[in-house]
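Report on one structure; see the data block that follows.
A, B, C, D, E and F label the chains in the order they appear, each numbered from 1.
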Amino acid sequence: MSFVEIKGQQIELDEDGFIVEPDLWSTDIAEYFAKEEEVEELTEQHWKIINYLKDYFKQFGIAPMVRKVCKDNNVSMQELYALFPTGPAKGACKIAGLPKPTGCV
Amino acid sequence: MSFVEIKGQQIELDEDGFIVEPDLWSTDIAEYFAKEEEVEELTEQHWKIINYLKDYFKQFGIAPMVRKVCKDNNVSMQELYALFPTGPAKGACKIAGLPKPTGCV
Amino acid sequence: MARTDFGPPDYKTMLPPVIKRNYGKWLYHEVPQPGVLRHVSETGEELYSVRVASARLVSSEFIRDISDIAEKYCDGFLRFTTRNNVEFLVSDKAKLEPLLKELDEKDYLVGGVGLSISNIVHTQGWIHCKSAVTDASGLTKNIMDTMVDYFTGKKSVPSRCRIAVACCVNMCGACHCSDIAVVGIHRTIPRINHELASKICEIPNTIASCPTGAIRPNPKLKSVEINHEKCMMCGNCTVVCPAIKIMDPENDGVSIWVGGKVSNARSKPMFSRLAIPFIPNNPPFWPEVTDAVKHLVEVWASNARPGERMGEWIGRIGWERFFAIADLPFTDKHLDDFTHANTTFRSTTQFKY
Amino acid sequence: MARTDFGPPDYKTMLPPVIKRNYGKWLYHEVPQPGVLRHVSETGEELYSVRVASARLVSSEFIRDISDIAEKYCDGFLRFTTRNNVEFLVSDKAKLEPLLKELDEKDYLVGGVGLSISNIVHTQGWIHCKSAVTDASGLTKNIMDTMVDYFTGKKSVPSRCRIAVACCVNMCGACHCSDIAVVGIHRTIPRINHELASKICEIPNTIASCPTGAIRPNPKLKSVEINHEKCMMCGNCTVVCPAIKIMDPENDGVSIWVGGKVSNARSKPMFSRLAIPFIPNNPPFWPEVTDAVKHLVEVWASNARPGERMGEWIGRIGWERFFAIADLPFTDKHLDDFTHANTTFRSTTQFKY
Amino acid sequence: MDVEKKVAATPLLDELEKGDWPSFVTEIKKAAKTSKMAQGLLEQVEASYVEKTGHWKHGGIVGVKGYGGGVVGRYTDDPDRFPDAREFHTMRVNQVPGFFYTSEKLRALADIWDKYGSGLYNMHGSTGDIILLGTTTENLQPCFDALGEIDFDLGGSGGALRTLSCCCGEARCEKSCIDAMDMMYDLTMYYQNEMHRPAWPYKFKIKISGCPNDCAAASARSDMALIGTWRDAIQVNQEEVRKYVADGMNMVQVCRKCPTEALGWDEKNQTLSIKTEDCVRCMHCINVMPKALRIGKERGITVQIGGKAPVVKGAMIGWILVPFMKAEAPYTEIKDLVSRITEFWAEHGKNRERLGELVERLSLATFLEGVGLKPLPQMVSAPRANPYIFWKEEEVVKNG
Amino acid sequence: MDVEKKVAATPLLDELEKGDWPSFVTEIKKAAKTSKMAQGLLEQVEASYVEKTGHWKHGGIVGVKGYGGGVVGRYTDDPDRFPDAREFHTMRVNQVPGFFYTSEKLRALADIWDKYGSGLYNMHGSTGDIILLGTTTENLQPCFDALGEIDFDLGGSGGALRTLSCCCGEARCEKSCIDAMDMMYDLTMYYQNEMHRPAWPYKFKIKISGCPNDCAAASARSDMALIGTWRDAIQVNQEEVRKYVADGMNMVQVCRKCPTEALGWDEKNQTLSIKTEDCVRCMHCINVMPKALRIGKERGITVQIGGKAPVVKGAMIGWILVPFMKAEAPYTEIKDLVSRITEFWAEHGKNRERLGELVERLSLATFLEGVGLKPLPQMVSAPRANPYIFWKEEEVVKNG
């Protein structure tokens, strides 16, 4: 576990750099994570997906399956990786402040 | 289907003499059924079981299993048949105005 | 109050003296001719049992007639078998031939012993059951009319072949373990009379009665709903709730199952398995059914080795070969989809083309 | 951006010329001596493969050492087997003996071919997996130390015997179809850190992860509950939810399973089945485990017929006989209670006392 | 019963009077000569044949005093059309063990049934009862009373012990390892209350076969099957074996069918050998050489539980519960076991849950513990393949 | 990597350097001579041996740019105690099909791994990858980049197509009915995206064995097993058969092991016969007489689906989906099938639901319809025994 200061707030991160207290998530934190995950700038397209992930998680208590992300947002896998080069799980979910996906590895 | 008049009310019975509209059940009807089912007089013991059956059905939507009737009312099978000579299903349930038990035959 | 709880008549009062004397002492038996058993005792005494076919559904007249015969040749002793045949118990060998003669004259069919097709175990059907999809007695009559030579021993079979008929999937008999089973089935989804259901349906029992969990409560109507995707038309809910009906004359019919057995002889007991998913109800002759049964018996009889029951034969050659030899279509219906389905999927590259 | 999606090296560039020339043309093979295969081609050419044991977990030094050897005797060509042995591919027969000599000098173990006990397929264990109940490498080392004569061919076995070790019930390998499988198991129920769970638990996934439906939500704590009556200590929930822990050094241990196979040779593939429900973790030697494996191999080797795999032998004699011969207690743990349990119950009066 | 009415035409059913096999239609017609109810039945069944559908109503709950079962109530669904089939209840009359009768007894039965019912029977029902087919509510009690006078009691129905049945056993079979008929009779008498006054979650069936040939089909259709067996060596008469061989029996083929290779034929010495420890008592060799081979001498039963038809969880063939137990009158051990099992089931079974389904739901291990039996490898065809083993708290070390 | 630190004592692990079998401890120690991470591992594993518990933390999600998998993140649960095991990720490197290598290639790999990682490997992982055991988050990308330069790509992890694996096939085996290695290589190249960017409900494994001996253990541990087979007659060289007999082979015993009695030995004519229509290609006769018998000439694959380990619904051994299909480059038919299957599964599968579990949940019939295949008796060991048949509305007569 480690801490980073984002806009004056101490934010705890786990080893993988995921936020430990999802409730503390803010757009500032998203911006911070974005840099870590090789996203130059959070565009509207990025935000659409970030918000989608947050909403989905709120509603269902789980992260959506990648296929669903693509379908519901009308993006291809290629486009998704173009937006989030480190991928939907490590990249997009982290930026959206979701708990670390624990699916299969 | 047939009808009997009980205290001025037309009550519909099925072939087995069970009441068709359980909502119309009344203590008068119970008395009537009791005669049909070889019960001389409805004693306190009878009423205890009749009320138990009605309550159980209300709560669970099914007639209790005979073993449960005995246990919960602290009567033996012998006593139950002594009270209701035509048995708990044909006798007691009919008098209590429950739908005809459809369990296995 | 009337006498109660006194049980059946004491069997000891029903046994012919030869049996009483040799009870537990029988040494071996032979089949001197089709339909006749000769049991020999340690004491040297012998008993001839002559087996005759019965419709099972019989009249007092029949009862009296077999009583007459038993009195004439068996000192009044007779029995029924577990497959509803009648057995005349002859202790006096001299009376055997005359008995057989009289039986023949009276058109009784002698047979069903050993390597034969014995009586069909069947159920109530339209004669008495409210669940009946078809008529078991009618099917039985037609099938046995076709199979009669296998009963009397005119035609031979590699091994016993036990046929069963059940008018619905409750299978009141041992259909699920018969060489050939004919079972009534539905093909459409039950209809619910919600009005009636709200009065007389024991809803929790009805929900629990569904093998596939297709029934859920409909609290608004105080009734239940059926999920069409899940319903397998078994009809079990209709047994529990009188407000649910499933009869559908146009679509109800029968299915045929093969390869079951009960005995532990040689191989283990086996379930009967689906051969023909559907044949329409076609009374009074059900010709498609009798043809199918005849075909199955013939295919088996001409391919199996001596002593091989239907299921043993299929077990040896494989179901894929069975479907080919019997020239039956293999369809999605044959694929199991119930609880243990995946234990029936082939987990080996071993198969025949 | 870096190069992506280019796949593994082209296998064609990794094959010795003799293989390239005879690719798809091999005619037959022989085992001239333990650990050595001689493949002969239609063209008459031949290839000697020399199989040596590997710890699987190896260092760069090892990699370089086998590379040295391959260069010396095999023009630099070598391969690994699907059971993690190393094979030196000798195209020049003259180099075979010198190779074997050097291998012997360097303490490489040659063997694992044909009727032998080959390398153990095993998993990460305490070396790398967070789910590890035990150490797969340590168990493997100990077991193979005991079994080494069966690898090198000094002792013989009736048939192949494939041993597998998995550090948890995920069974990363083919434990579930191995002649002998050693599997790490838990015996106590997971503990939930509700505080943490409320933050990071994907509750629906966690609930779905439980094979027995033992997990239900606890909305008050925003967490989950485990029903002790239903939990079978599989640990699957701990994979899905980091807030659930199941490790319990005092009670964790290993179980032993027997009779599985993968190949379709002769008999169909079979699942391994429970032989010994629990042996405590006892590093570094796990003496009870090595004893048990040794015992199982010896019992099988001295009772099976030539060519009979463990499961084929047990299939022939029956499990009841196996438990008697192997002198293993049969307990409630051996009785299946999962989904298809009732298909394992004996439905015949055929059994041995 | 008196009769006047003329039966309507039954052209479809009439077809079924042809053919060689005994005709149920002819039987109904015989009864219809003197029984209105039989006439009613004929009419209704003809209608079913025309319309391809049954005409019986759901349910029916009628009975006799003091009993909760033994009668299956039945009403036509169209009393206007089939007035004579209006009430058509069946009485389940407990058959004589082994289905042995004297003509006298059968005549007495027919006399009563002609008086109070349709004059139609099933000899016998699938469970084993004599099914008296068709009477009115009114006639039930008098009919029962009359039956009592000739010693015929009712069998079981509903959530009760059902009428037992058995093969002819020692009365007429050399293979019987037990006195099946006596056992059936004794248990039936012992469990009269359980049979006549339903108090269980669902039906419970017991069937008895004298040997593993299972001529009562017990393992397939009884919650508890009691199958005769033995535990010592098959008795071999080599002399008689040689006679079979001399008569052309191919011993190689006979031996090949032994499921466990226990059977061997020594061609040179013309001797049959049986490895007793490998014999699983499949009956095969005894069946094909009845004169030469006999069951062993140390006899008893194997108990199987859970056999049943498909409803709800699928059909089951009985599972081994007790590999071997002695079975001698008064069958105390068996009764004790039956009682422990039914008690456990009555306590834990859900409504309409058969024993086999209960065991499947709770697990065999739980059931064994509940009835006080130890797990044995004979109970399974193979041990578990999945690693989902349950451990009890008392089996492990307690942690802080 | 440079190294200074002295490793703490590891008395328990040291014991495992004794004995004949190659020692993983010795291997770790070798690496520890130059790698701190290997030292850290040694210390932590020693602690595990003492405490009988693992010390790795849950989870870990790290990777390289552009990929969603291929790396398994790992952290010690006690970084203060085991600082050198703080980050200990493994990289799954796609092995060469058939596990064939040149020493040159292996040395190049070792050089890179010594630079960026612990110098420890699994040769190979259970799925088939080269497992590079232990590196830091920081080193992942450079290591991957370096691997790329010697043509080593990453394999699969997560909800993706996993690294394929296969037996040596035609490269080194006379029994191979297919070019297993080429098939693996071709499919691997074709499905790079599906392997590297997880988009499926769970892992999906494909394994290829050249024949039913299944040396890749494909049917037990792949969602889709492609097994070489043939459909014509086994090629028999009677001459060579006779040699085996002359050398003492007992043909009666050999024939007895044929599961279908397809194999026969004519003692008089010293001829082996095979009833091709009865042969189920169990390999037995070919295995015991490799010089005399050869696989048939009309070759292809059998496709099995659903194989997997126990989680969640229990272990499964692959079920026959396609009894026989041709398997020639460019494997268009196979790719088409893979795509239809994974598409169906991706569409209907739940999170963490393997293909076999999906098929079990939805029914095989539904699945077949979904992927456009016809039911065949070869798919099952037996048809259904329960009467719970589902009928579609379009199959029946519409009612009122």
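Points worth noting:
In this text, a contact is a pair of C-beta atoms (placed from the backbone, for glycine too) under 8 Å apart; a residue touches a chain by one contact, two chains touch by 3 or more.
What you are looking at is a predicted structure, and each value in this text was computed from that prediction instead of being measured.
Each step here moves to a touching chain, and the least such steps from subunit A to subunit C number 2. The chains touching subunit A as well as subunit E are D, F. Homomeric contact subunit E/subunit F is classed as same-residue, with over half of its interface positions used by both copies. For the pair subunit D and subunit E, the distance between C-alpha centroids works out to 48 Å. Taking the mean of the C-alpha atoms as each chain's centre, subunit B and subunit C sit 38 Å apart.
Measuring from the averaged C-alpha position of subunit B to that of subunit E gives a distance of 33 Å.
For subunit E, the set of residues that touch two or more other chains comprises 57-59, 65-67, 72, 193, 212, 214, 219, 227, 259, 281-282, 310, 314-315, 317, 351-352, 385-388. In subunit C, the positions touching at least two other chains are 1, 169, 171, 176, 205, 211, 234, 239-240, 242, 250, 264, 269, 271, 338-340, 342, 347-350.
Among the residues of subunit A, those touching two or more other chains are numbered 62, 85, 100-103. Per the contact rule defined earlier, chains pair up in contact as A-D, A-F, B-C, B-E, C-D, C-E, C-F, D-E, D-F, E-F. Note for the complex: subunit C touches subunit D at residues 264, 268-269, 339-340, 342-343, 347-350. Residue ranges of subunit B in contact with subunit E, taken from their complex: 14-16, 18, 38, 62, 65-67, 70, 77, 81, 85-90, 100-105. Taken together, the subunit E residues at the contact with subunit C in this complex read 12-13, 15-16, 18-28, 30-31, 38, 41, 44-45, 48-49, 51-59, 64-67, 72, 74, 88, 90, 94-107, 109-110, 113-114, 119-124, 126, 133-134, 141, 144-145, 148, 150-153, 165, 167-168, 170-174, 176, 179, 181-182, 185, 188-189, 192-193, 196, 212-217, 219-221, 227, 257, 259, 281-284, 287-288, 290-291, 294, 309-315, 317, 350-352.
Residues of subunit E touching subunit D in their complex: 212, 214, 219, 227, 229, 231, 259-260, 277-282, 302, 304, 306, 316-320, 323-324, 356, 359-360, 363-366, 368-369, 375-391, 395-397, 399. If you check the complex, the residues on subunit A that touch subunit D are 20-23, 60-63, 85, 99-103.
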